[in-house]
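For reference, the structure is listed below as structure tokens.
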């Protein structure tokens, strides 16, 4: 295991210490480093809370900031934060307008968020929940509720954050976020495994010339393992899956997230994006927004994912709104 | 021995902690087959935290409190799927014990029933979904049957441990419906469920503890 | 070689095609994809041009944009752009106020920029040059002119871009950039090699438990190769080198760039930064600005660098100015 | 044979291109020792581009133009350190030939002198700095001495090739002062200079071309 580390068991907390040193606009509550919150809550605004395992920076905590999220429960590597931690974050973040939970569809997270919402009910804090399940590879059409959430949750954060910034009520923010959820699809492919510091060895084996299409961000297996193909062919195969479940009319607009899993350089992401743009162009679909970089990683895993949000008139301006967090800054154009 | 008394409970948790420490790498490997490899880590952390809690401030508490405190400690130390489910189990089991000072066979039946039902409710899993529930429920049923038959504690816990092992074996034939393993679908057939393995170890350690206490 | 590629020889041009698809605020001149320029030149402003080899994204082209650079000659992987290309970029970028060349101190680049400046002299375009040489490991004190430029060039871009945006004349922009150069120091460490697509194998070998302190961003050897140490110890050794050549008084201010080389996850960068912040704090030096992420990479190489700019009253507001490029957005706070 | 005529120059560049194509991996490995491994790539690209230029539109041009065009092609195709230096060399060498129709020994002396001086000026290197200049300068000096002695072309080019090989061998004793290799300082001692190796190959190919043309 070749990592810059002190003790593996301090990985998450030392990472958090570094983040708090670097970014005074975020802080923690309940005397617990893992209860990560904005330093500048906005009175009367619906709070947006996320949470999940560590090892995916900038996901999840990286999107706490202006016009996006207000708080994040931080778990161990690939592990859910506890219900207590999520409840503490919720209490801090609530500004009288209730709190929306937006997180990925994983059993551990669901149970802990559910428990947290029961806990804060005792404090009369209203919550609503939207769980991201954008990963097309993780279950078939008709079983979407079983799909896991991956990088596409970025779009849910963006829409939720912008909606809340407009001071809309909880039910509206939840409705909009739910709409973004239902219109987001992601396909990923991995070339290598990553190592959980406390485990010290890779989570799976993959051959020197193999790729795993549809692999999850903790190394969950995908749809097929095959020989690494040319970049264009990889994109074609992935986009075919996404196109298969979405009805695009000519002139429709999308937002795209080209996400590196950690070990894949930006140079390659642009080579891949070139092909995505070509396919969209052939369909007559306009790419209205694109972000390219590392948004949801698996530490040093090589690979990437393509997320597509099918825009409509309500979502577009929310996606286009400016945002400023320690890990993501976007000037509205 | 007719029952486990509250002052014996710390010893039981020392056993749990030692077992999951010893099984750390095996559970990492098992979870790694169709999951994310964390189970060995989370279970060793979970039961270390539970032991510390029960050995520490709650060594002299009643059994219900001890179990609930163990659950609370687990939920903080290891909030993964299995961590949260085991936390829920101990919390619900402990509640079912109320302020009991000792656990006899009937008490254990009530404990495991509440434990299994809590897990089912929290995880929204059905029997046959290839989860920890497919081992927990047989454990509860075994204690219930033994209690109805008026069995000795040593007999009942041996029967329950055997029922757990059989149930774990039977999970091999099931196809995973929940969690990360569900992605593997048919490929999960033939493998024993990782969470079920943990439940089986709990029943085994409880039995070993009872037999050792007798001897 | 596990990369998402079509033909290795198309790596750079397909990457550029992807970049132009994604970012309409940049374009190219002279019908040559590798002559990368802003789509919105500012009349009367000093133009800032950089250039260098590919494989370092976001360096170099990534900083072309508002309040930073105006153009970039794009070379092959780890190779200089040609003098002709640099001359074309210069001609496009010149808005009557002359052009500042800011690039890294490498022989190939120097020769091509020098040739370019001779070529555009024929068009009556005035140029000035500042070559970044921040890499402390690449030569001893007293031989600073031999030092190569690495990630710290980001600070030169930031200062030069903000100075030019204030519509200062060429000589002033050059003076300020030169000052930023003289006050910037970088130390890097690498854990693994990277693969140039057209070569297909790693540039050097490094043991499973080794690190190379001071390695260059093309794999040039550093000061020492040793067993990978604890993160805090690695930082201590690197910072000692930087502290050794700078006189800090209590209350002095710095800007810091924690730069990942490509394969090292952000989680680790924060663990490392935590230690940097502690050391600075012990010295009584205030970290006024910090950026953390991938700024100058070597494709998939694992490792990181620490760059420190010793601020003064003139440089600080320039570093603090807002900037917006396709690869780097910063809201002034 | 007294001189190389302009119509023979395409054949000379075919040799250069073939040699650097063949040496691609060897030069990658050599540059990799104290540099960034690109030399094999850049030189094969550079001389492929030069050949295409000289074989194409400039097959019938005068020698000076052919050399300058080769230089221009190299500067576009491979603007690395060595690419740019070789481009400068051919540009300056070609200029020194003016509109000559043939290259005799005296012409080659002038060509290589202009070549070496151009490289020295562009790279700001001194003799002894362990660069390509430490092989180019001996090549120029060899042709100058042979021209002064009135030697035949075959003899002169053989002597120059030998001088290049010796000079290359001698670079092993030097310590690199420029480019990426300079970072290695003392460690660069014992290794032959990568750029010098390229210069030596040029002299060798020129000689082999002359000998083959004679035969």
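By letter and in written order, the chains are A, B, C and D; residue numbering begins at 1 in each of them.
FYI, a contact is a pair of C-beta atoms (placed from the backbone, for glycine too) under 8 Å apart; a residue touches a chain by one contact, two chains touch by 3 or more.
Note that the coordinates shown come from a computational prediction; the quantities given were computed from them, not determined experimentally.
Chemist: By the touch rule set out at the top, what is the minimum number of steps from chain B to chain C?
Modeler: Shortest path length, in steps: 2.
Chemist: Going by the stated contact rule, which chains contact chain A and chain C alike?
Modeler: The shared contacts of chain A and chain C amount to nothing, since no chain touches both.
Chemist: At what distance in angstrom does the C-alpha mean of chain B lie from that of chain A?
Modeler: 33
Chemist: Could you please state the distance in Å, as a whole number, between where the Cα atoms of chain A are centred and where those of chain D are centred?
Modeler: Taking the mean C-alpha position of each chain, the two centres sit 56 Å apart.
Chemist: Counting in whole Å, what is the centre-to-centre distance of chain B and chain D, each centre being its mean C-alpha position?
Modeler: It comes to 78 Å between the two C-alpha centres.
Chemist: Among the residues of chain A, which ones contact at least 2 other chains?
Modeler: none
Chemist: Which chain D residues touch at least two other chains?
Modeler: none
Chemist: Indicate which of the five shapes (line, ring, star, complete, other) describes how the chains touch one another.
Modeler: line
Chemist: Going by the touch rule stated at the top, which chains touch which?
Modeler: Taking the chains two at a time, the touching pairs are A-B, A-C, C-D.
Chemist: Could you please specify the touching residues of chain C with respect to chain D in the complex?
Modeler: Spelled out, the residues of chain C in touch with chain D are 75, 77-85, 106-108, 111-112, 114-115, 138-139, 146, 148, 196, 198-199, 203-204, 216, 218-222.
Chemist: Chain A touches which residues of chain B in the complex?
Modeler: Checking each residue of chain B against chain A gives 28, 32, 34-38, 41-42, 75-76, 78-81, 83-85, 88, 122-123, 178-180, 182-184, 187.
Chemist: Of all residues in chain A, which touch chain C in the complex?
Modeler: Counting only chain A, the residues touching chain C are 2-6, 11, 14-19, 21-22, 54-55, 57-58, 191-192, 208-209, 228, 230-232, 234, 262-274, 277, 290, 292, 294, 297, 299-300, 302, 304, 324, 327, 329-331.
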